[in-house]
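So that you can tell them apart, the chains are marked A, B, C, D, E, F, G, H, I, J, K and L in the order they are listed, and the count of residues begins at 1 in each.
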Amino acid sequence: MTTVFVLNGPNLGRLGSREPDVYGGGTLVDLRETIDAHVSGLSGANPISIDFRQTDSETELISWLHEAVDTGSPVIINPAAFTHYSYALRDAAAQVTSAGLTLVEVHITNPHSREEFRHTSVISGVATGVVAGFGFDSYIVGLDAVARRLS
Amino acid sequence: MTTVFVLNGPNLGRLGSREPDVYGGGTLVDLRETIDAHVSGLSGANPISIDFRQTDSETELISWLHEAVDTGSPVIINPAAFTHYSYALRDAAAQVTSAGLTLVEVHITNPHSREEFRHTSVISGVATGVVAGFGFDSYIVGLDAVARRLS
Amino acid sequence: MTTVFVLNGPNLGRLGSREPDVYGGGTLVDLRETIDAHVSGLSGANPISIDFRQTDSETELISWLHEAVDTGSPVIINPAAFTHYSYALRDAAAQVTSAGLTLVEVHITNPHSREEFRHTSVISGVATGVVAGFGFDSYIVGLDAVARRLS
Amino acid sequence: MTTVFVLNGPNLGRLGSREPDVYGGGTLVDLRETIDAHVSGLSGANPISIDFRQTDSETELISWLHEAVDTGSPVIINPAAFTHYSYALRDAAAQVTSAGLTLVEVHITNPHSREEFRHTSVISGVATGVVAGFGFDSYIVGLDAVARRLS
Amino acid sequence: MTTVFVLNGPNLGRLGSREPDVYGGGTLVDLRETIDAHVSGLSGANPISIDFRQTDSETELISWLHEAVDTGSPVIINPAAFTHYSYALRDAAAQVTSAGLTLVEVHITNPHSREEFRHTSVISGVATGVVAGFGFDSYIVGLDAVARRLS
Amino acid sequence: MTTVFVLNGPNLGRLGSREPDVYGGGTLVDLRETIDAHVSGLSGANPISIDFRQTDSETELISWLHEAVDTGSPVIINPAAFTHYSYALRDAAAQVTSAGLTLVEVHITNPHSREEFRHTSVISGVATGVVAGFGFDSYIVGLDAVARRLS
Amino acid sequence: MTTVFVLNGPNLGRLGSREPDVYGGGTLVDLRETIDAHVSGLSGANPISIDFRQTDSETELISWLHEAVDTGSPVIINPAAFTHYSYALRDAAAQVTSAGLTLVEVHITNPHSREEFRHTSVISGVATGVVAGFGFDSYIVGLDAVARRLS
Amino acid sequence: MTTVFVLNGPNLGRLGSREPDVYGGGTLVDLRETIDAHVSGLSGANPISIDFRQTDSETELISWLHEAVDTGSPVIINPAAFTHYSYALRDAAAQVTSAGLTLVEVHITNPHSREEFRHTSVISGVATGVVAGFGFDSYIVGLDAVARRLS
Amino acid sequence: MTTVFVLNGPNLGRLGSREPDVYGGGTLVDLRETIDAHVSGLSGANPISIDFRQTDSETELISWLHEAVDTGSPVIINPAAFTHYSYALRDAAAQVTSAGLTLVEVHITNPHSREEFRHTSVISGVATGVVAGFGFDSYIVGLDAVARRLS
Amino acid sequence: MTTVFVLNGPNLGRLGSREPDVYGGGTLVDLRETIDAHVSGLSGANPISIDFRQTDSETELISWLHEAVDTGSPVIINPAAFTHYSYALRDAAAQVTSAGLTLVEVHITNPHSREEFRHTSVISGVATGVVAGFGFDSYIVGLDAVARRLS
Amino acid sequence: MTTVFVLNGPNLGRLGSREPDVYGGGTLVDLRETIDAHVSGLSGANPISIDFRQTDSETELISWLHEAVDTGSPVIINPAAFTHYSYALRDAAAQVTSAGLTLVEVHITNPHSREEFRHTSVISGVATGVVAGFGFDSYIVGLDAVARRLS
Amino acid sequence: MTTVFVLNGPNLGRLGSREPDVYGGGTLVDLRETIDAHVSGLSGANPISIDFRQTDSETELISWLHEAVDTGSPVIINPAAFTHYSYALRDAAAQVTSAGLTLVEVHITNPHSREEFRHTSVISGVATGVVAGFGFDSYIVGLDAVARRLS
């Protein structure tokens, strides 16, 4: 069984109360349950389990990526605002993909239809792929992409 | 039954022979069959059929988006190189999403890990969402995102 | 009698249904009739007739400008999104004005109060003049400007 | 009867002697008479009178825009070189249009075929519309646009 | 007793009628009375009186800053749109602060949450300090800052 | 009684020893006492208490802003160097103001008269207002602005 | 015998009448005949024949490049205005050179001594080489370069 | 006898008291006397008289340049801060030189060794020549240049 | 005896396994031992001891620089990815050098021969000096530079 | 007989040993012999002789261009790295072409497919034409272009 | 007696034949004689002699500036195209002015009314002053400025 | 024994007298002796000798780098102002490192704490490593880095 890390960056613990017209009314717990439900519905040769985490700390997020490398875990990551400036996170993400593991950058909203500064990602260049704009479904289809690469 | 338009832009008819180390060795026919196989495997309340097309013409691509608006069809679009400069395509894509239809921009490769000019999309700002970097699976998970929004 | 070409670029065939809060609810047929009505009301030494066309094709728009040169026809052109990047159209437009014919670039809306990319026109530099922001009246007063230059 | 303010900015009092190959040989008096002749030839339900002014003063131009708001007068304005930097004029012009009055920015020449700095207007973004490049006719067709919006 | 100059730049005489949703419904007279009321409520060793002025003229605003230098008066200045381009005003403001007098740049609104061009101030670099975003209170707390520096 | 959070970012714990010619010789303890003295001298219908904190951690600063939202506390924040790049902090600050709470960005010095990189704030766009350049008094007048908004 | 494709982009069909002081008075037929005459004069082990075409269509130009790949034909291409923005053409041209075929970008005039926008080519980066500024001779020496690479 | 206009822009009336370490301790009166003394020492076929003026008004400076054109007077102008943004002044200055009159832009200090914004002059492009960095002598040698051109 | 802080930033704990073709195969422990061996081999009047640390935390790195100031310790710092954006770290580093202590920025690789974003350091401007490109030897010769400055 | 100067700039004397995978394994002597062989094979009314030179000195290269003007010699020049910054060389090259002589800028490689800084040429704007990307053949076809212009 | 170095940079030896419509028809010898004549006409306490030189070599120009420092000679320098890029020359010029000697940058033409690249000088920032646009008189009045500073 | 070239660029012959507050009071002879003393103190398996040179000539500096390639000598180079623009020097330096020899770019001062133009090096990208900011010690530790790579 492969454990996929689903990592959430700063301010994502505030989902539900934070600008619900932008991010929707679902909470991080709702997100987790949505993902769990989806994964339990998956079947096939390569079962997946989810390790779902959130932090406002750049340091912790980096350490989780190191952990993913060490445990050989694919990664779904929503870097939130770190997307736009954290080259330290980029260097950590690059280790995941250069170890041959899949790393998917996801965004709940579509950053390109928001403020100018959200149009730039310092992470995308070292990610396997990017999914953005589908609400919580960004995670779901990101996961499916991981699952398909595992099989 | 909802028909989803899967639209492919310039040079994508050359898949398989065009830089296979970048785009993979699969052809456009392979892509079509992969998608068909996936869709036929889908089940649920909202059956989907696929209208799969390719063109090297900006004009034709625009007309297909107009057709999508008129027929109420969600769109998966790989604008290929038009991604980077065709504001005419953007204006057509904007009509799709402002008609309440889902439009997903997909890319086989991850544009952010390639040449600088591929980092800018004039389409993303009016798309519902973006999926990039998963090879043919970018279409598959993009389709799943459409399917989930339909249900 | 002078025939004035009134040329409309990509997506303008969708007027009326396309973002009516931006472009108004009138259709391209309405626009044509408005122009015809105005022209039939004109009197004077230099009667004008209108050749009204629309296309989503850069190639066709270029050919119409070539035709205008060959027939000595002044041009009203709404290049729509081509305004912002089609240097091929610019080169064709330059032939009109360097042949001593009037070419008026018109826009239904005021591009300067919209998205940043609409603030730049690659056509204006070779146009005789520009009219923007008056809805369908942009064509009407553009036509009047042509008429005055003919007399 | 509606009084339309026709406001001219810096150096426009020098028309006729100032670079006649660029601006033509007509003087400001000629311009005024051309406009008066045109207006007296207009007929219809909404008679128009013209209040024609010129100043080299940013302050006076601003005060005239304030006066236009207070008297409910539409405005034709050739901001001349203020076009390119006077945000104070922009703020005054914005009051005209946000009061629901028409404000037309006009230019005798086509700024986009001249020096680079003339390609940028800080006024256009808050104007109703723009007319440029038709010589004195820029005012005439701008006036016609105003007249059409009044009727 | 120290007289503090409270200087208001272009279009601020229109407060109350100008975009009240942006600037609030209070007029310049209201602002003056609010300030007077606040100052009369101040007590302490250094009594303050207010010299409250408004002008749409860059020249007059410059002359008032010269007067402030000559009379040793601290300055509260809302340069309005001059903020973004008037280097002449900057040079005058620099004389105030290099004479050891306090000069506070105030803004009713928060320029950084408005149009891009309002994000740049050519005045701030030579001001003692900046207060922005508190409506009329920007003046009040700016005045308090002056008062505290005087004591 | 309303508790106002007064939050200080990285390196501000070093006040007094850190470049005293730039930041003054007062320590963070001095700043706290200055603020406490000022607040205890305030009177009126809306008593204020202060919760004064400092951290070098972006994560902790974010969590304090979350706490401010949860407790309905207005915020005075000196983001120090985070001002110039921490979009994560910006996203947290935006939650404070979109919750209807006042958030004031303060700076001891005037960033616009220092190095170029200090001229840009990624926080200001989502702050209620900004106060800069008055030394410790920036906090005091920021607090007064908060107090006035509370009454 | 090797067939060399000589491909001409938009507006080149207008040679002779289009700005003859810039492009010379020769027509496209003249150009074709000049090339034919030159080629018939060539001798050697590797005879060359010419397939000379012109189009105003980006789509057609792309399809001709695909055809060149399929037939193993070297290419002389004058992309005209497409030079400056058609990334779709670039992607097609890249297929020619990555197939090991020679592709020469030619220009009649020297783009670097003309308007700023003509200084940038999105094609050059994937071309084998570039020849510009020699009038019709740009094609002739481009052909010679192809011929030399064939031998 | 030729009258040379010596025109001084904003804040130059403050010479002597304004940042004397930058501009020197001499006043505008001193400058005038220095120039008068120099001119009275000149001899030759083309006697010169000086019309020395200063204003903080852009409008007045423009009118003086118009006057220079009308009276055929060469101009020495120190545009002070207007140098960096007043395109209205530029347009007025262009009239002087296109009338065949000499216009010399002078600066007391060397703008290129000061703040970045002082490195750009919108006036220089239409001036006959520029003299900067010699203190009051910038005017003197500028005058000599005028005198030499007159003879 | 002087203790030199040798501080390592984010992802440097991964040396050896992280992109060994870029950073070499040595681990952080190897680096520490290499440095210790070098230092023990030094002789002279000013013995040096090493305090070697690594962290992925910006906060911790800042606190170590504060500690260096308080203990009067020279610093060798490899800020890793923080190099490119952490102005908070810059402000902390500036305290070290303005306290008269040596701070050397070191890099294992040569950032100028890598990605564009690595060409910019926000730290260098406040460092005593920079050493880059020599692998682990960057630390060694950086240390020697510190040692020479101590003697 | 016309003597054509073939001038080679800095580091071109190192051909053969310098990055042979980029520039090929041929030496400068090989290049000279290739050119001589080609020229001796030319026939026609206008015989050509070659004056082949190389220098690492900007000064010498400039003097050779002066010599070309004085002797009426067409020029083939490979300015090597001077291409990207030597405005002094540009000024010298401009003298060649404004004297009515042909000057061809040649490059062995295609600069547009190499580092960013090689995409800019300060010479091209004053050259007659440019040939790049054909290895030593760039010289040969450049020579042919010169020969054709002579006949 | 003070010897003033009059130093001329690259291509200035070509005066008279080089673009005479831009630089005039006078030769470098004419310039030298004009200056000599002017200097011999000067009288006063501080006699001046001229050391007039020209070179196309950056190295030689630098060495002459070193010589000026060593001999305490003021400098008139026309750096020609070196103006726009030679930081090595800038560093040499800075030694002249930091030695307390006058260094005047002169230009025959007005660079600001020519190509864009001529608008930037890397020398001006370390020069005492600048004179441009007066033809050979730029040297004469530059010399007068030097003479006045000597007395 | 390995001979290390220590190469010094323009104006470095002026050390000691040139801005001693920036570069220190030591002369180039002092630098040479410091280096010699250091080298003679080195011991080990790979003895080093120094070939110390200085030139103001870009050409000579290039030729010395060629010589280094031919003699297999490692290089310490202080390119001085050439650092910022000499791509010709870059191309020569690239030959050294691509020949497998060490090339260290050294600077006496820290360019990043000086003028903006000194922040860019066109050499660093092809150097083995960079040492800056340690005064003459930059050479010493650069040499040590070379020595360590030799052993």
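Just so we're on the same page, a contact is a pair of C-beta atoms (placed from the backbone, for glycine too) under 8 Å apart; a residue touches a chain by one contact, two chains touch by 3 or more.
Keep in mind it's a predicted model, so treat the numbers as computed, not measured.
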Given chain C and chain H, the chains that contact each of them: D
Pair exhibiting more inter-chain C-beta contacts, E-F or A-I: E-F
Superposing rotation of chain E relative to chain K, computed on C-alpha atoms, to nearest 5°: 120
Pair in I-L, E-F or A-I that repeats C-G, with over half of contact pairs matching by residue number: A-I
Between chain A and chain E, centroid-to-centroid distance (C-alpha), Å: 48
Whole-Å separation of chain centres (CA-atom averages), chain J against chain K: 32
Chain D-chain J separation of Cα centroids, rounded to whole Å: 55
Between chain F and chain G, centroid-to-centroid distance (C-alpha), Å: 63
For chain J, residues contacting two or more additional chains: 58-59, 85
Pairs of chains found to touch, sorted by chain label: A-B, A-F, A-I, B-C, B-G, C-D, C-G, D-E, D-H, E-F, E-H, F-I, G-J, H-K, I-L, J-K, J-L, K-L
Chain H-touching residues of chain D, taken from the complex the two chains share: 9-11, 13-14, 17-19, 55-60, 80-82, 84-85, 117
Complex contacts: residues of chain J adjacent to chain G: 110, 112-113, 121, 124-134, 137-138, 140-142, 144-145, 148-149
Touching residues (chain side chain D, partner chain E) in the complex: 58-59, 62-63, 66, 69, 85-88, 90-92, 94-95, 98, 122
